[in-house]
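Here chain A shows up in two complexes: once beside chain B, once beside chain C.
Here is the complex of A and B:
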């Protein structure tokens, strides 16, 4: 059971890091995904800022969850983020079916579909599993281990960023061109 | 019973597995057909600015004075794509459209070949590998439509006549967010479906 909890905790943390890193590679595209979810007409810069904020938040939560495994409150934050994924997937499926969700930037061409809602629910289930009890000894980290995990998380974010940039069109239209 | 610090081991193993998986995904995307599909420039982007002299001594510029310019990235090997030639013949009479052939390097055969194929109104311009790189073009024949404001309107590898004509239709769409998703990459139209 302990190993299952550790795997669940790590898997969701890695997923958040990959999603955050990949989204950061192309905030403009993610901003265009965010736009339909905001009922008010907002400036492009604000949308862009929201997109970057969401990406950074995902990255930060994943990084914290991975490097501070003993902080149980983080597990609840991760579960809340996963539940937000389910809510966004369900809203996207209900109102913007078939549109690209950009959940992983340009890494995977996911769309708002029923399968997407199920995937989000699966991630939330894993996040809930990570709430389970794991032995304190297993979660004990010394400085070296923490630095090692931080480096691994950084590498993962960097690789996700680079992979998303390589996979994406890379040369997106500038915002003012879109507004013409 | 679980070992002390086993979280580190699990976390590092999963992180490295994720890194390897991402390397795999990137490798696939940077090789083969999927990579070629991403060649060219996205609609709405600013196209490179240049002016070149054609074989007749005329200066040709991009962005063009005409409302629309079709830059064909190809050379004398275009004769291996008769359907693309048909597509060019179909659209070249349009006054609002300027068609130029941009070769990667000097091609003495390009102009006689165009004349032979009935495309003698098209200017042949000698480009360079760096100009091709600026347009993100690796494989020929490639078509990029640029408007007079210097914005890319449509861009794709072309192998058949219908692709040339459809690109022109896409180039006519206004640069709006909803249209951008439909541009650049296109699918073969199904029977009875409009473009």
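Here is the complex of A and C:
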């Protein structure tokens, strides 16, 4: 049982890290996804800031959840984030069906579909599973292990950022490198 | 020394995540290496329904949506500020707009570059035409804008009536006419011969071609 709970916990944390890192590679595109969910007409800069904020929040929650496994409150935060995913997917499916959700930036071209809602519900289920009890001994990490885990998680975010940047044509080209 | 269970599980999960990202990058690399540019058609197919798109309008920093078929004929110009041919197209569009030849059309200059890049080009800096950055990469793909400049004429029903690289005023005029074609009329294939014909006409009337 411990293995299952820990697998669920680390899987959702990694998912948040990858999603946050990938979204940060092209905040402009993610901002255009955020736009329809805000009923007010807001300035582009504010939309961009919201997009970056959401991406950073995802990344921070993922990093914290992975490197501080003993803090059980983080599991609840992760579950809340997963539930927010379900809500956004459902709203997107209801009102913006077929539009790109950019849940993972340019890494995967997911759209607001019924399958997307199910996927989000599946992630929420895994996050709920991570709330299960795991033995204290299994979660005991020394400082070195924490630092190494943090470094690995940071590297994962960087790889996701780079991979999404390589896939997304929306990246900002250097003036000399623009295709003629 | 006994490794905590959490650390072991986290290591395997991280390894799995890295592997997944490696596959994504590998697939993208494979796609780039095997891309056959010659076989990739430039621009959308004539007669096809134009895709909707969203862009960041530079003038007021807002996100705008274009839904072809909303009753307004549209002329889309896919351009980049650092592309000399695109500058020529922007100047030609500006001249046509100034002469009132694009009245009734929604004319959009679409780029993949950020707003700050407009300063590298005098033509882009000075143009009064609406200019913005395409936000969804899928829109660029849907329009087959694999190189710039690309001009796409869309009629009021959202049907692509002409699509081709263009830089001259005469070509802009052809495209503006294509936007206003009635539904029953055939789309205009912009061929080299047609361009030559238009260019000859322009040469015969030098005053009309002057910027």
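The working rule: the second predicted complex is superposed on the first by the 169 of 180 C-alpha atoms of A that agree within 3 Å, B and C clash if a C-alpha of one lies under 4 Å from a C-alpha of the other, contacts with A are read in each partner's own complex, and residues count from 1 in each chain.
Quick note on the criterion: contacts are C-beta pairs under 8 Å (C-beta built on N, C-alpha and C of every residue); 3 or more make two chains touch, one makes a residue touch a chain.
Small disclaimer: the values here were computed from a predicted structure and weren't measured.
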item	value
Simultaneous placement of chain C and chain B on chain A, clash or fit	clash
Touching partner for A:109 - first (chain B), second (chain C), both, neither	second
Touched partner set for A:140, first chain B, second chain C, both or neither	both
Which of chain B and chain C A:31 touches, first, second, both or neither	second
Which of chain B and chain C A:66 touches, first, second, both or neither	both
Which superposed partner A:43 touches (first chain B, second chain C, both, neither)	second
Identified clashing stretch of chain B versus chain C [75-83, 93-101 or 129-137]	93-101
Where chain A meets both chain C and chain B, residue numbers	2-3, 6-7, 10-11, 13-14, 18, 32, 66, 69, 100, 107, 134-135, 137-141, 145, 149, 152-153, 156, 159-160, 162-163, 166-170, 172-173, 178, 180
Complex interface listing, chain A residues touching chain C	2-3, 6-7, 10-11, 13-14, 17-18, 28-29, 31-32, 35, 41, 43-45, 47, 66, 69, 100, 106-109, 134-135, 137-141, 145, 149, 152-153, 156, 159-160, 162-163, 166-170, 172-173, 175-176, 178-180
Chain B-facing residues of chain A, complex	2-3, 6-7, 9-11, 13-14, 18, 32, 66, 69, 100, 107, 134-135, 137-142, 145, 148-149, 152-153, 155-156, 159-160, 162-163, 166-174, 177-178, 180
Interfacial residue positions of chain B with respect to chain A in the complex	2-8, 10-12, 14-16, 18-19, 22-23, 25-26, 29-30, 38, 41-46, 136, 151, 174-177, 180-181, 184
Contact set on chain C toward chain A in their complex	4-7, 9-11, 13-14, 16-18, 21, 24-25, 28, 54, 56, 61-63, 80-85, 112-114, 117, 120, 133-138, 140-141, 147-148
